[in-house]
Structure formats: C-alpha cells, structure tokens
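Multiple structures follow.
Below, chain A partners chain B and then partners chain C, in two separate complexes.
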Partner chain A sequence: MKRRQFLKGMGLAGLGATLPFSLVEISFAMGTKPAEHESFTFAYISDSHLTHLGGTRFTRNFDQGLRKAVMEVNLMDPKPDFVVYGGDLAQLGKREELDHGLELLSALRPPIKWVIGEHDFYLDMGRYWEDKISPLHYSFDHKGVHFVVLNSILTYEDWIARWPTAEERMANMARLDNPHGSPFLVGEAQLRWLAEDLAKYDANVPVVVLSHSPLYKIFKPWNFWTDDAEQVQKLLQRFHRVTVLHGHVHQVLYNQIGNITFYAMMATAWPWPYPVSYVQKPNQVPKLTVFMNRADPFHERDGTGWDILDLDSGTITNHYQLWMNENRTVAFDFKLKHPVDLKYQDPDKRIPPQFHY
Partner chain B sequence: MKRISVWLLLAALAVPAPGDEFTEEDLKRWKAEYMKVMERGEKLFHSPLGSNNVSCDQCHPNGANTHPETYPKFQKQLGKVATLREMINWCLQNPLEGKPLALDSDEMIALEAYIHWERRGVPLAPGKH
Partner chain C sequence: MRKPISATAAGLCLAVAVNAAEVSLPKERDLLGLPPVPVPADNPLTLEKAVLGKKLFEDRRFSADGTISCAHCHRPELAFQDGLAVSEGIGGRKGTRNAPTIINAAYYTTQFWDGRRPTLEAQSKDPFVNPIEHGLKNHDPIVGVVRSDPAYRRSFERAFGVKPAQITIDHVAQAIASFERTVVAGDSPFDRYLYGGDKNALSPAAVRGLAVFRGKGRCVSCHVIESSTALFTDNDFHNLGVGFERIADRLPEIIAAFRKAKATGKPVDEAVLSQKALSELGRFAVTGDVSDLGKFKTSTLRNIALTAPYMHDGSLKTLEEVVDFYDRGGFANPMLDGGIRPLGLTAQEKADLVAFLKSLTSSRFATTGR
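Presenting the complex of A and B:
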C-alpha cells in the first residue's frame, strides 16, 4: 500500500476559479508481488506543436497548453523524479519553434528526458535536436528500472528523397491524413542497438520504452503505426514487466500485447479523433481502451492534458491529467494481465461522452 | 381540373419532357463537377484559413469528428439549432482566429462538399449529439 498525492488546479485557483484541490490517492495492490525496485513517480508532457507565426509570435492556444503543463508539473507533490517530453515540441521543426519550446520548458524544475517526434525531425532530419537538445535514442537506469528511448519516427529512404525541399518534406510528414505520407520505422540500425542494449539485462528487470509513435499498429492512414513494430516487440517480450509509453496520438489509449503494456500520453496542444470516427477505412483501435470524452471545441483545453506515472512492482499506473474532464487512472491488473481503467473499464459503467462515432 | 387534364393529355402523347432525361455522360459530368468543388474544399480544409497557421485538419483529419450528418442540431454553446456552415464559421473565428466566410460563398460550399464526402455512406441523424 502506498499513498501519493498531488495538487490539481493550482494554476486555475490563481484565476479565481472555484476548482478545489483534488487529492488523488493510490491504494490498490491487485495481487502484486512485492516491489522488485524502489517505487517512484515521473511526469510526461507531450505534443505541444508550438507554431511559429513570424518574429517572436507563436500560436497562442498551443503555447498556453505547454505553459499550463509546466506550471502543474512544478506543483506536483511529491516531486516527480524526472519529466519525459514525448516529442512534437515543434509544429514544423523550425529552430524558432524548438528554441521557444526550450524556453518554456526551462521553467520545469525536474530534469527532462527527451523523445523526438516527427514534427521535430523532418525539417533537418533531427540535426538541431541532436546538437542542442538530446541524443535521438539512448537508455538509462533509474531505481532498478531500465528505460529505453527510441527514435521511432524514421521512415523509408525513398520517401525522404522524393521531396525537392526540406520544407516540403516537413509539411508532408506534418499532415496526419496525408495520402502521400509514409509509415514510421525504428529501422535496422536502432533494432541492432536495442538488441545489444537489452542483452545486458535480466528478464526480471522492469523495462520502460519511450517512443513517440505507438510501437504497434492502430491506423495506417494517420500513421498511428510503426511499420517494424513487431520486431521491437519481439526484442521486448522476454521481459516480465515491459511498458511502452508513447505520444503522437493525442488521446487516451492503452493496450496489451503479450507481455507488453502500451499507454498513449495526452497532448498539450489538441486532441486527435479516434480512428473509429473515420468511417471510410478499417482500423485496429485496441478494444481494451475506454475512450476519453468527446472534446467540446468551445473549451479550448478540452481533450488535452498531461500524465503522472507511478512505477511500482515493475508496472505503471497512469494518471491522465485531463484539463476539462474528470481525471482518469489506468493501472495494470495482475489477475487480468492487462491495464484497466479504475472507474470505467466495465462497459456498464461507461458514460455517453465516451462513445465516439 | 383543366390543368390536370392537360397533363394527362401530354402523358398520353408520350412527349418526352427534356428535364427528366439524363445520360451516363451527364451523370459523369455532374459527379466531376462535384469532385472539383470537393477537392477545392479538401485543399482549403488543409490550409491555414485564419490568422494563426492552424488548419481544420489539425483537429479533424479526414474531416473526422465533424459529424455533418447530425446537422442542423442544437448547439448548447450557441443556445440554438445551428447548421454545419455556422459551425464551420465558429471554427474559423475561434480555433483559427480568422474571419467568417459568407454562408453562400464558394469557399464555404467547397468546405461543406469535402466534409460531406469524407462522411459519405453514414445515415442522416439530424439533431443527434
């Protein structure tokens, strides 16, 4: 049993809103084995899509989302050990956008672990990110858990070569529903690196993989998809406790494939629809996911937010911080061997806004 | 009474009324005209139409989550039954921080043509939320 709490809505309190501080307490065990490592908390901020308009001007809405997340993470108590930034900091990979993002994120007190997204990458193929921000793939250990960061938004060489300018390449990758898009790849070189990296670890060591795109296949027309996902999964399956945390899809989404648990993280910029809402093409949206509420466009921050992640007994409890909705908590159920929403998993408990069409 | 009997007479003579006749060619041309407007709408839908470089497809890839089959419907935020075109203008003015289009403008019709095309085959559900 453990207790954690944090304050929600401090930022709004300053604006005179009547939001009470909401206390979240986790006290479920669900048949866990004793922790094999020291439990800890980290935060995840993702998909801010900061958009440069010229000079020092940026799209207001998206700046607001990132500022709000930074402010709230700084109010977490106990403090997170680190913050993952999940990629798509920029909208069109511009230095102005990445610099602006670094400036806004410099207000964060905990250290940042960086994951690159396609919107950060395809203008200069990740050069500025690598020079100024972070390596594109790397691994680290934290309190007995092995973390692996992958650059999962690579793609095929012939697609990269087909665009006459860097700007066209970036614009075409930035358009989600682009019929001339190209699926994401981890790629041979990184797969080899991953195999070597993981070879050093015993199967009992909890592993957390951080990638921008989902490392499984959901909907190819929108690139909710990594083409060589199965090869990554194959390298991960021998571990008993594996979780993949990804950005890119801008929605509440979770899944279980064999030993691997998958969680999507919220975006601070805007929500994407679930592929089930596009009727012209079939999708493989995980049946396990209880959808987030349909977003109300009249509330600018609806359908956006960030995540608090508790790591205990090698598995993650994911607290979706939803700015205009009730927060959601999804945790691994050791009996069912997959993640469950602690309130809404039972189909009878679901509410009308969770139905998408 | 007189009018009806004239109609009956015309029908009896089996004079083809030209307005009722169309050929495969006509059907092809009409579809092509629609698709031209629809494709213009697709371009507009993927272009920054306001002042902040944001385009419709950023929240609505393939027009998803626009639900054109549900209009007109009650929009609680507007406090009235609204049309799809009014909602398009709401998006242009708010998330896109731009100016509304004339409701009968070519651009508005093109946007509507694209949104409907992406939702083809879905049964009408007027008033559904």
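Presenting the complex of A and C:
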C-alpha cells in the first residue's frame, strides 16, 4: 500500500494505466515481509573524468557535463537527502583534476557521499582522495536503510608493483582493451570488513551497496568486471532487499542476480556503447531488453546524464536523467523479481535510438 | 459563396496580386525556397480575411490608450519588426524580448520566443491583454469596436459570413493570422542560387559562407536547409547562454518564485514579459522541465540583415557580433546546448558567413526595409 501511494505521488500511477499491463505493472504482492522504512530520494552523479590539459585548462566538454548535473540536482523538487558521487571525478588521478572537481562540486547544495573510481586512485593509490575527500570504504544508515560504500577498484599486488612509475600505472589502468590490464578486486581485507559490518544488521533491513565498478562480471577487456564479485554477492545473500549502484560503465544497464538488483548510473562525461556489440564469444552480459541510445557526436551531452533514486519498501526506483534523450524510469517489479523499464520495455513502444545501433 | 484559396504553391501562383489595402497573396516565385504555407483546416486562407487582418493589425484602437497596434512593434517598413533591442508597448513600457519579424512566422510550429502558443491565431490574442503591450484588461473592447464600426461590420460579413453580434475575438485572431500567412517570402539570392538554378545569384564570398554555414560553422544543424526548401529553423529550442548570466546564481530562488507565481494563476505571458529574471527562464516557463532552462526558439535567418538587433533580448547589434558570439561557443553556462562549442573560425570565414547571411533577404519585403 505504501508503495502504491508513493507511485501515485510520483505521478506514475496515471502513466501505468496507459501502458501494457503485464510489462509495466509494479506488483505489490510481495513474497516476503515488506521492508518498513521512511521513503526518501537521493541523486547520483558519476564519471565526470575531468581532464587537466595544463595550467588552468581542463577539457571543456567534461567540465560542462558536471556543471550541468550540479545545477540540475540543485533544482530538484523535492530536494534529495544527499548526492552520491560515484567515482572517476578525475581522468588521470591528478591533484589538479581532483581539486578542480571539488571546486565544481562545491556548488552542490546537498551533502555528498563519495565513492572512489580507478581514475581517481591509481596515480597515488588513493592517498589524496583519502586525505582530502573521503574514506575509501565506509558505511552509514539513512532512514532505516543501510548503505555500504566499497572501494571495488583495487587489484592484484603484483600488477601494482609492476610499473616503474605512478604515471605508467595510472595510464595502464585507464586504458580499455589493454593486454597489460588487470581486473578489479574488492580484496580480502575489505571483504572481512564487509562481513563484520553486515553482521550487525537484520536480514529485513534494506541494504544499498555503492561501488564504482559493477559487483558482477560484464566484460573483461574493458574492466566492466570485479574479479571477486561472487564473494561480495555471497555476503549479501541473506538480506531480502539488496541493491548495488555502480558507475564506471557509462550507460543504461540493469540486472538481477539472485536477490541483488544492479543499476549502472549515467556518466556526465561520455557514453560507452553496450559492450555485447563488440564481443565475439559468449559472455556474461545480461540479456539485453532495452538498448542504450546511440549517441549523436554533434551533441556533447547526448548519451550522458545522471540519476534520481527513490527508495521505498527497500527497493529503488531509478529515474535515468538522459540529456538530449527521453528520461527513463526503471523500477523493481515484486512479481517478476527484477527491475523493469516502465515505458520502453514493450517492443512496440521502443523509440528509434533503441534499435538504430 | 467565398472560395478558400489553396495555399499550396500551385494554388498561390494562380492568385493575382490585389490592390486592396496592399495585401497580396504571394506568387509562386515569391515562395522560391519555401514550402507551401501551412494553413489550418478551420481557418482557410482567403484574400478577404487577409485584407481584414491587415486592417486589424494596424488598428490602434485595440489598446488601453489608443496608441498601440500590432504594427507598432511589427512595422511593415522595418521588415515587420521594430529595430529595438526589446519592444516598447503602452506608455513606453519596455518588455523583455526582441520583437521577431512576422515575415515567415507562418512556418513556425510554435509562436513566441518560448513557443508558448501553438498557432498564429492563439498568439495574436495575447499581446492585446498584456499590461506592457496593448494594455487591455480583456478582449471585450476589441469585439465592441468591430461589432460597431460599419466598415468592420461589412468586412467580417464578407470574410466570415457572420452578423455583427456573432463576431468574437476568435474571428479577429483568424483574420490577423490570415494576414500573417500572406507575409511570407523566399526568393532571396540564396534561393535563386540553390533552388532556382542561378549560379550567379550569390557572390563568391556568400558561396564560401554557405560552405562554412553547412560545415565548420555547424549553423545548419539548427538553421535547417533541406533539399528543396529552407526554413532556416529546426522549430526547436536551445540554450546559447544569452541572458543566462542574469539568473544563473539565483536560479533555485528564481524558479521557486516562478512556480509560486504560476500557482497563483498569473499568466506566463505576463510574468515573462514584465520580469527580466523570469524572461530568461525561456522554454522552461512553458514546460516546467529543468532541461528547458534558458532555451529559446531557433529563429529563422531569412531576412536577417533587415532585423537587427539580434537574439531574444536584442543584445547583439550586428551580424558580425552574432558570428563572433557563435565562434566563441556561446556564453558558457551549465545548461548550454550540447551542440554549441567554440568553432575556431578564421577572419575570412567569419566575413564569408556574414556575406552569406546578407544573401537571405527576400525581394518581396526588402524594398520596404532599410
């Protein structure tokens, strides 16, 4: 009942009435005890990749994306409780880039929860971030929901030790299709911390995990991949309502693995194409139902954006804010037990960018 | 029985220029480079209506103090605009926006800089009752005049077949819109060059400018040129940053004030023309969509050499200033359109672009221009 009232408040109930019932109905017949907590909204900005060009010059296009997201979040009505910054604020981990990012983000009115990305990390192994911005992993509770922030972009020690300079290490981690790359890790120490952290919570408490890389395996050549993801998933198994929000992949992407719902957040810098279109052999990309728009290179903001997230009954309704495109809303369906696109799931409703790729 | 005149190019070429009150339906040649004039099914274009519309357009009695007609800001001798940065209405009151020419306004799919009206008919009724334009409280005085003035009584009977007591403001609007549908003009040197087969119609500089317009200048992405016609507009809305610095720092507060004003029932029309800050919200004032902040309609470039100053607030005085503005990538702001970026044009390319823009003047109304 609570969820129905909530959707009505969002103006979605009326929308649902005009769409195919089986596809967009959000089921209220919950199989397990509904999670009781106060509903709230937060925003998520990610992957700005601010790039230092020398002196006081930065790549204009990427600055623009972050500035736009900041302005739009400030104009949200009702206001979000907080904003998650999802990592890759910098392009090559430089202090100039992180400082520039802090300056642009200082215009943001709500408080920020920080997640580190590999582009912020591999120049100084996260030292400047930890000193000046935020711890690399931590947890907090908000209105009855437990949030866990993981540093999911660690990797193997021997790879880290391989590089003669910090700059080479950073450059190699930043590269796609790199034969000398290395997959991401949460790592044993953090897994132990996570087990202890979660042990304090009842299985009915909704859990939201914030990580930069996806906590599942999508496409290894681009490091859309966390090598020990299964171990994180195992620790989350006993909870009834678990959502993982991640950046890194710069596209509309969502998935369900067991009890865990995964949402990729939009980037403000540039879009990546859906990697399945590049791979020649079987992979673990979830079955694709609604394609990412192909970006128009004329419009710098096309294919980028940010997210508004509503948390109710322990699950997330994700409002993708897609610049130059129609916004989309993806919500968890309690009957189907996975997230569904409220508008474009039906093949008959699809818009040209979804099949022109 | 009045016979509606088809507004297709073929239909128009049969119509003969009529001396009545200087209104004439455009000949096929006048429309070179333009598609047929769009005419709504419920307001067929007739010469009687257009002639009546012109008379209404120029009638100063339709204002609170008898000084303001439509033609006050859309002056026929100035290519149907007023040459001011922002228009001045009743008692010299200044608005917030530059008067667009009505030449080819018939082709826009929305009217006003923020597109708040869908048709010429709907648009034409608003300025009468705006306190800083014609300043009437409502449309009753207009209906009163046209029902009692013997000449109008005859004209409405001829144009619409209505008795005086049946005349409404909607008839007035339909007549004005019909007149505006005759104020259309193609057949510029550009049209004769691209669509008329006259390779000598453009100067070498203008030909080079056309190449910049379609290429490095990226102009054509919004100011559209198609294979057989060119409206020079995408009928869409874009944030270029013009005027946005007036509101950027106080935006949350300004938007809150706007939402409050709208909730109390204050017309958008009045709010945006009387308050500078609200005017700069642009398309947002109509849609309430944050992504429309600071967006204004892509104006046609036809006859642009006759319609200075430029932009929605008239803040750019010359075509050279406009070209420089785009070359710099507009005015930086968080909501800047994703297609606007620094262009790196050379002095030669800029001069060529201006030469090209000056080739977009139609002969039909140029003789009355400056």
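Keep in mind that, in the parts below, the second predicted complex is superposed on the first by the 308 of 357 C-alpha atoms of A that agree within 3 Å, B and C clash if a C-alpha of one lies under 4 Å from a C-alpha of the other, contacts with A are read in each partner's own complex, and residues count from 1 in each chain.
As a working rule, a contact is a pair of C-beta atoms (placed from the backbone, for glycine too) under 8 Å apart; a residue touches a chain by one contact, two chains touch by 3 or more.
Since the structure is predicted, the reported quantities are computational estimates derived from the model, not experimental observations.
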item	value
Which superposed partner A:Asn74 touches (first chain B, second chain C, both, neither)	second
More chain A residues in contact - chain B or chain C	B
Chain B versus chain C as contact partner of A:Trp323, first or second or both or neither	second
Partner chain(s) touched by A:Gln64 [first = chain B, second = chain C, both, neither]	second
First, second, both or neither for A:Asn259, with chain B first and chain C second	neither
Partner chain in contact with A:Asn172 - chain B first, chain C second, else both or neither	neither
Partner chain in contact with A:Arg301 - chain B first, chain C second, else both or neither	second
Chain B versus chain C as contact partner of A:Pro271, first or second or both or neither	first
Contacts of A:Gln237 with chain B and chain C, given as first, second, both or neither	neither
Overlapping contact positions on chain A, where the chain C interface meets the chain B interface	60-61, 298, 300
For the chain C and chain A complex, residues of the former touching the latter	218, 221, 251-252, 255, 259, 290-291, 293, 329, 332, 334-339, 341-342
Chain C contact footprint on chain A (complex, rising order)	60-61, 64, 67-68, 70-72, 74-75, 77, 109, 298-302, 323-324
Chain B residues touching chain A - in the complex, by the definition given at the top	46, 52-54, 57-65, 67, 77, 90-91, 94-95, 97, 118-122
Chain B-touching residues of chain A, taken from the complex the two chains share	51-53, 59-61, 91, 175-177, 221-222, 270-273, 275, 277-280, 294-298, 300, 356-357
